[in-house]
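Listed after this line are the structures, all set down as structure tokens.
Here chain A shows up in two complexes: once beside chain B, once beside chain C.
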Partner chain A sequence: MDTFLIHLLNALLYASVLFLIAGGLSLIYGVMRIVNLAHGNVYAVGAYATAWSVGRVLGGGQPSPALYLLLPVGAVAAAALGAVIEPTLLRPLYKRAEEYQLLITFGLLLILEDLLRFIWGPYPLSASSLFEALGSLTIGESVYPSYNLVVIVVGAIAAAALWAFIYKTKFGVILRATSQNMRMASALGVNVKRIYLQAFTLGCFMAGLGGAIIVPQQGAVLGMGVDALILAFVVVVIGGLGSLEGALLGALMVGVVREFGIAFFPEVELAVLYFMAAVVLLIRPAGLFGHV
Partner chain B sequence: MLELERIHTFRGTAHVLQGISLAVNAGEAVCLVGRNGAGKTTTIESIMGLLPVRSGKIMFQGQEITELPPHERAHLGIGYAPEDAGIFPDLSVAENFLISQWLAGASGKAGSSSSSSEVQDRILAVFPEVRMFMQRKGLNLSGGQKKMVAIARAMALSPSILLLDEPFEGLAPVVVSRFIEAVKKIKAMGISLLIAASNLTTASRVADRLYAIDRGEIIFQGDPRSAFANEDVMKTIRG
Partner chain C sequence: MSSIPASPKRALLSAIPIAVILFFLPLLVAPYQVTLLAYGLIFAIAALGFNLLLGYTGLLSFGHSAYFGLGAYAVAFIVKYLEITSMEVFLLGGVLASAAVAALFGFLCVRYTRIFFGILTLALSQVLWSLAFKFYWVTGGTDGLRVPTPSLMGVRNPAGEDKMIFLAHRYYYYVLVIFLVGASVMWVIVHSPFGKALQAIRDNETRAEFVGVQVWRYRWVAFLVSGIYTGLAGTLWVPLNGLTTPDILHWTFSGKIVFFTVLGGFQTFTGPIIGGVVYNYLETYAVGHTVYWQMVLGVVLVLLVLVLPAGIAGTANRLILKLRREA
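Here is the complex of A and B:
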């Protein structure tokens, strides 16, 4: 029973981070119809920025509770990056075919990877002091890192906050209207350029937050963005690109299958995920919550 | 109030509007009549800024708006209801109205300070039946209901002029009469109207003046009676 509970918590941990990445990817696609291939490395920027800032402030000293306030640094850095990328690199391509947007975001994915290497070097960055400082709790006869619970709670709060933001605020209603009919929204007075900038920035903020909260547990390494992007795509294929509910359900499914896959059939863990995505594609090509 | 001077507009490589000039005066209802493909929707979309104008000038209340983006034109007081109604399918009718109301408030234009109940009153004065499906999603409305919501939503912006693209198209005759009555009410509120219509008989029931358009050119302008008396116009419009 304890083992099952720990597997379940691990699944929720994966799902929390995956939801933040895939939710951001889905939000951007839902509003702007852009498949942002650079999204994985935006997540990595969040991880690197938080690890770097924690390292700078901590120096060689002991971690204090105030250090946890640095967690959002990565999210803010990723949002700032998004706020620069959208108007400068993406906006000029909106009237072109989708292939151009795929090409530019793929190019960005590679450029960001090199930029991370250029700024922080080829070696991993760690913020594990935040992970260790919280210690562990005992579940039955097993111990479980307390920090993982922080990640799960942050993921849950982020999902609830995003839902409330999209469905219960004025901005959310305008965002949904723009995603459903951009021309009509602009004819009613919506400044679509501003909405696109805000949606892209928010999507990048979510990816950055995912990177920021997981970096104390996993560290920041080159290539983490590409790995995360692949899993995020599995999530959105299952849930439906453009749907936040789909991203949440997809992240939970991938989190559970991956965790139990690692535990019980580690050789084919990723294959099972892709198989699941393939089955969904065959049965519901737009994903469980997607619109055809 | 609204003036188009020698407007040329392309759709892709097709040269659709070939030097259109027309005017709508304050408080006037003007119809743009023509067959399908004559250039009516292109004219409306050019005025709204949804299609870029290649050359010519669009003036609204003494200000040139040719290069303004659509949202700024809406803030100046140009309301728009497209042929397909453009209802946001996953939003409720109430949310469709709220968007206009919020944006009218954000624009800071005259009349935008109206309270939400005043806006509701204005909408319901034109289409009281909208009250029945306020909580329904756009997706679940009939064609006629969508057109009602589109016009009412444009009214929530407190516009000075309304651009209605084929508001009577696809409606049952009894519903057309209902829409004509609504258009007359809007006009009585002092709001100017430019209505694109394919049916000259229907257009003549609401228009003070009308323009006939064919192959992207204005071929007639005058009152409805003169249009009926003009054989060339009748032949062109009826095909």
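Here is the complex of A and C:
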């Protein structure tokens, strides 16, 4: 029973980070109809920025609770990156075929991958002091790191906040209107340019937050973005591109399958995930919650 | 596609000088340069196949690494389990493997278009990647599988001969012949009624359907041919590289195939060929000069999309037409 509970918590841990990444990806697609192949790298930027700032402030000393305030640094860095990318690289392409939009984000993926190497070097960064400082708790006869629970809680809060933001605020209404019919929204006086910028920045903020909260637990390595992107793809394909409920459900499913996959069928764990995505696409091309 | 009219005579007239140059090049340049060109021609075969889908049928696949990798791994398995090193057997195995999987994946994928097609092809190719990655006792995992120098048309490489000499001479000509045949066949395909039907589907699916084109079947056959070409390229690539690793199955390799096709210009027949060759030089040069070679490639791609979306061949065509009009 204890092992089952621990597996379940791990699944939730994966799911909350995945939701943050995939939710951002889905939000961007939902509003702008762009599949951002560089989204995984934005997540990596969040992880690196947080790890770097924690290392900077800590400087070999004892971790203090104030260090946890540095977690959002990654999210803010990622959001700033998004706010630069959208107007400079994506805006000129909205009227062009979607092949070009995919290609430019692929180019961006290559650039960001090396930019991380350029800024932070080829070696992994870690912020494990934040992870270790919280200690662990005992579940039955097993030990479980407390920090993992923090990640799960942050993921849950982020999901709730996003839901409230999209469905309970005026900005959310405008965002959804633009997503449903960009021309109509524009005709009704919505500044679509600004909405696109905000949506892209918000999506990047979420990915960066995902990277920032997981980095104390896993560290930041080169290549983490590309791996995360593919998992986020699986999530949004299952849940439906452009749907946040779908991203939540998809993240939970992928989290559970991954965790139990690693435990029980490690050889085909990844294959099963991609296969799940392919099957969902075949049966419901728009995903479980998506609309074509 | 291209606004320069395509007649078999004119195509031959422009192809023959290039073929002659490619034929005599090994006599003029260093062996290393020849092997680089061999890589380029192989990428060109892959891009020709890929472009049958993107340029002619209007489907952007982000999973063509699957067929390239299948071609390569089929060869590696033939060496590992059958202990055969005949290039003709390699070609047969590589083409059959990529054809079988392209037929299956294509059957599933062609029901969708646009972004869903792209993501589905990507997801399916990642299934293969993760299998190659995880079943290390079969595939060697990230270490990959080694492939020795093959015998060409039953002729073994004399023992003690430098591998570089072999690759830069006999193997280069082997690749060149297959490339020329492959490019000619592709030219015939895209100018045949079948190719015209594909272009009709690309331009207006509904109209094509009403004219009596069975859209999904045409797309499926195009997918199959496309997969076979890319598989053929993978098969030719692996003896040259000497090693196959899961990297060539990963979706980022599919991205590279898209990259070089767009670099050359996907709206022309010659574009993918130029793109494959130029991309290979570009990547080799960037890797040789900086650890930040991905950034170089990324910047080139971004600039390409923003400034030269028609690619090298497309832009050249436009310039030629403009000059003609002014003359």
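Simple rule for what comes next: the second predicted complex is superposed on the first by the 292 of 292 C-alpha atoms of A that agree within 3 Å, B and C clash if a C-alpha of one lies under 4 Å from a C-alpha of the other, contacts with A are read in each partner's own complex, and residues count from 1 in each chain.
Following the convention adopted for this analysis, a contact is a pair of C-beta atoms (placed from the backbone, for glycine too) under 8 Å apart; a residue touches a chain by one contact, two chains touch by 3 or more.
What you see is a predicted model; the values in this text were computed from it and never measured.
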Overlay on chain A: chain C relative to chain B, clash or fit: fit
Partner chain in contact with A:277 - chain B first, chain C second, else both or neither: second
After the two structures are overlaid on chain A, angle v-u-w for chain B, chain A, chain C in degrees (C-alpha centres, nearest 10): 90
Partner chain(s) touched by A:177 [first = chain B, second = chain C, both, neither]: first
Contact breadth on chain A, by residue count: chain C or chain B: C
First (chain B), second (chain C), both or neither touched by A:190: first
Smallest separation of CA atoms, chain C relative to chain B, angstrom: 15
Overlap of chain C and chain B interfaces on chain A (superposed complexes): none
Complex contact set, residues of chain A against chain C: 35, 37, 89, 92-93, 96, 98-100, 102-104, 106-115, 117-118, 226, 230, 233-234, 237, 241, 266-271, 274-275, 277-278, 281-282, 285-286
Residue ranges of chain A touching chain B (in the complex, touch as defined): 170, 173-174, 176-177, 180-181, 183-193
Chain B residues touching chain A - in the complex, by the definition given at the top: 48-50, 69-71, 73-75, 80, 82, 86, 88-91, 95-96, 98-100, 102-104, 106-107, 153-154, 157
Contact set on chain C toward chain A in their complex: 54, 60, 62, 108, 111-112, 114-116, 118-120, 122-124, 126-127, 130-131, 133-135, 251-252, 255, 258-259, 262, 291-295, 297-302, 304-306, 309
